[in-house]
């Protein structure tokens, strides 16, 4: 029985390779997580277990896909960044997105019992959707990352105040919403401090800054962090007049080095230059470029 | 702290809405399942538990996404079909693909212990990738489905013979491959029968035909199967001069009816007209079009 | 001097092949034609010379590109239709659009002196932009064509009345606009008739219906028009369970037949079935399907 | 008569906006120019009239579209570059390509009699196709330009030698092709010099280097060329951490300045840095950035 009669249907597949030499961000979001978080009794405004489960899943994704440079997570979303020279899956958008979303989901479900030991999952199960976006320059990429971190800050300050009003102030959600309408950051800080003796600055870093996941080649023993102020990683990465793809050998070597480096989860400011300047391997994609000083 | 400074990055998101009035097929494939099946000792040539887990996950996907019309699975792949009038997620490709892939993965991992009760999952976990393809006509869509089912047949006949040679004939894989090189279907049938007394026709339907998953509105009590030969579902579905989208109310009603119908997993021939002609609601997307005869 | 160092830039070219088995419409529009028509003193509401120049350019485009099935023009726009089986330029969108737009422009400029014998062109020269859109079914395609022809009717009735009020009624444009605000078709017909003794039905067909350009295989001597009511060209074209591309030989033969048929410009109703049912070769793309009756 | 019934067809239009913050190159090519050049007796290996007509048409395109930064032409092709901040037509690919191709064609046909005064055009008329490609960095863009100029050099050296062998050496094309097979640049230079006393270096610059078309703001009186070696335009343009779009006012001002600057056609090396470093406004898109020195 020949299959050739039907094979013409392959012609309908349309290519979706992303523009070369651009940074690829795959962002995934929890589907219907408001309802989901209610079902499993997530704590408000932040559930430590849920965030740590997100981070654990993200770490696992990075471990399975060494091509990912860095990831940033907040609430029920996570953004994964591929370096502009990345040629994984020939940069096919649907392949990149579906692989990340599937791997993330697998670990989210698999690791659930570790983080929620007394609440087994039941249908409908948690799921995520995703999309890929290209950013031509490091500046555009960093602005994307900053956008997410500013969003994290704005939402967390609002939520912290909102739930303090309810949980500590004893008012209902409608009342709380009314109280916060039109307020600025300073007002919310003031409410927290004067009414509830909460200093927002002392809130956990994970809640205020979100979670940055990356390979720390400085830990793996061969490199160390670069002194701040000695290096402008952003300008350097953009001005490199390089081939848009590395040589196979070099790429393999770098991949191995990255694969060996421990994947860390930290809660740092990624808006300012400091984070990037001290870890030039993130933007250069060259784990071997920064020799350990004696 | 205003977020507006960074919000320009949203401009880099590019739309990926699929062409209206075309059938959407989202196909997902297991990633690295050769290695995965070895790790968990899948039986050869077919592992009943693994196939039933695939089918269970596909059923769950269809239960969570009533917009899916039909699905077809074989080995570690599954194709999900959205009706041409579907407007779920505004037909955004990455959203459709990632949602299906994520939901499928969630159930695959969650239901694993039911199907593989004595082999717990461990990293690296199973994952799937996916893509969406549009087919303009029912004929194109059915040719796609036929392509997959013919593929199922060709592979299963080969694999059944290949593993019979090894498991029953005692030769090694290289030898078995050599034996089968250049053989036709008839030759393989003959090898099975003469050497191992296996009548291929008696092999389980699930292995020979794959698995069709659909909502059986005839079971839900209001309709019944249409007599074969009285109906040409393919021509009718294509020649309908309808709006490309239904009215909201009608769509909602139909969705509810579909949601109520039991989702069945069957192992039928979907190449011939019969399957489609007897279940006109699959192609018409109108569960209410076929009244129960008195 | 090797060129290989720079050749990597070809990787940035992204494919734009249009979905197979769909009807392709390339619509071109005059750029800044309000200003352009003022510069060359186009008559209002319609300039016969300008419309005939458009039609002449469209005919030339069809003569140079036998893959075009039919074209429809009104005012400064023209829509060119490629049959769903068309594989010209591998269906690359930018190639199809740019070729049509360039050929049309070349003839528009070249033929200008024939239609505007006493007004030579001077910079800025007339130019056109264009885009391609895919329609999956004949019904969608015909609805597109109907949309353009209804638009022609609505605009022409408005413009005819508007300019009658100014040219014959002696009022100024602002006044005329005010007079027509909120009026229905019947009102405009009434104004024309009662105030200016103009029966809109007697206006030239080209102004009321626009221009249909197609190959009339019935003229070339081998076929004749099909009796209305005996044929449903739309349903037939959609329900054909054919390969999405013809055989090379058949395609070549059909192309030759089409190339021989005279290209006509007519001003007919293309909304009703009649036009299409009588000329089945337009939708079937098979000039040889309709034998000459004895 | 309401048009709303058909308006749904607009939903089939799919967006084709090009990725922001990338350089857009629209390249157009003559269609069937081998045949065309034979028909009109173009001189071999280069026809001065034909090239000057191409250049005149390109200049006209740039005059009508001040958003174009620079253009490069060779043989029957021309590449037009839009600055990465360009937002013309919302960066819609088909609109950009069709507008350029149409405007170019209009001038090519219109100016033909000036350049070919004794050979009037006749159908089939000259036409061009085109496509748009995005380049994320200045380096990628310059590599594209270098690719075209190297191609010009390679082809011109070959053609010059090929036609010298035929026109001066008296051998036929097949013989000439055989003679040149496997030769390097040095060999061709040697053939030209030893056999025909032609020093390739003395060939006209337009043939050897192609034609660069750009706005020379240094001529318009306010600026002058920058000293070579004082400026690295490429690195600067890429490392600018700017908004991806200028403010409306600034953009308008810059547009006016550019529109005022004379458009020049020159035959320079655009592979080396010198050309770009001396004209920083080309890559910065800021005609006002380089003050006239006292």
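Should a chain be cited, it is by its letter among A, B, C and D, assigned in written order, with residues numbered from 1 in that chain.
Criterion: a contact is a pair of C-beta atoms (placed from the backbone, for glycine too) under 8 Å apart; a residue touches a chain by one contact, two chains touch by 3 or more.
The structure displayed is predicted, hence computed values, not measured ones.
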What is the minimum number of touch steps required to go from subunit A to subunit D?
1
Of all other chains, the one whose Cα centre sits farthest from subunit A:
C
Mean-CA-position distance for subunit C and subunit A (Å):
51
Subunit A to subunit B, mean C-alpha position gap in Å, rounds to 32
Taking each chain's centre as the mean of its CA atoms, subunit B sits from subunit C at a distance in Å of 42
Provide the list of subunit C residues touching at least two other chains, using ranges where the numbers run on.
8, 12, 14, 19-21, 134, 140, 244
Show which residues of subunit B lie in contact with subunit D when the two form their complex.
8, 11-12, 14-15, 17, 19-21, 243-245
For a test of understanding, state which residues of subunit A touch subunit D in their complex under the given definition.
19-22, 84, 134, 136-137, 139-140, 234-235, 238-239, 241-242, 244
Show me the residue ranges of subunit B that touch subunit A in the complex, using the header's touch definition.
1, 3, 5-9, 12-14, 16, 28, 31, 60, 63-64, 92-95, 97-99, 101-110, 121, 123-135, 140, 143-144, 146-147, 150-151, 153-154, 185
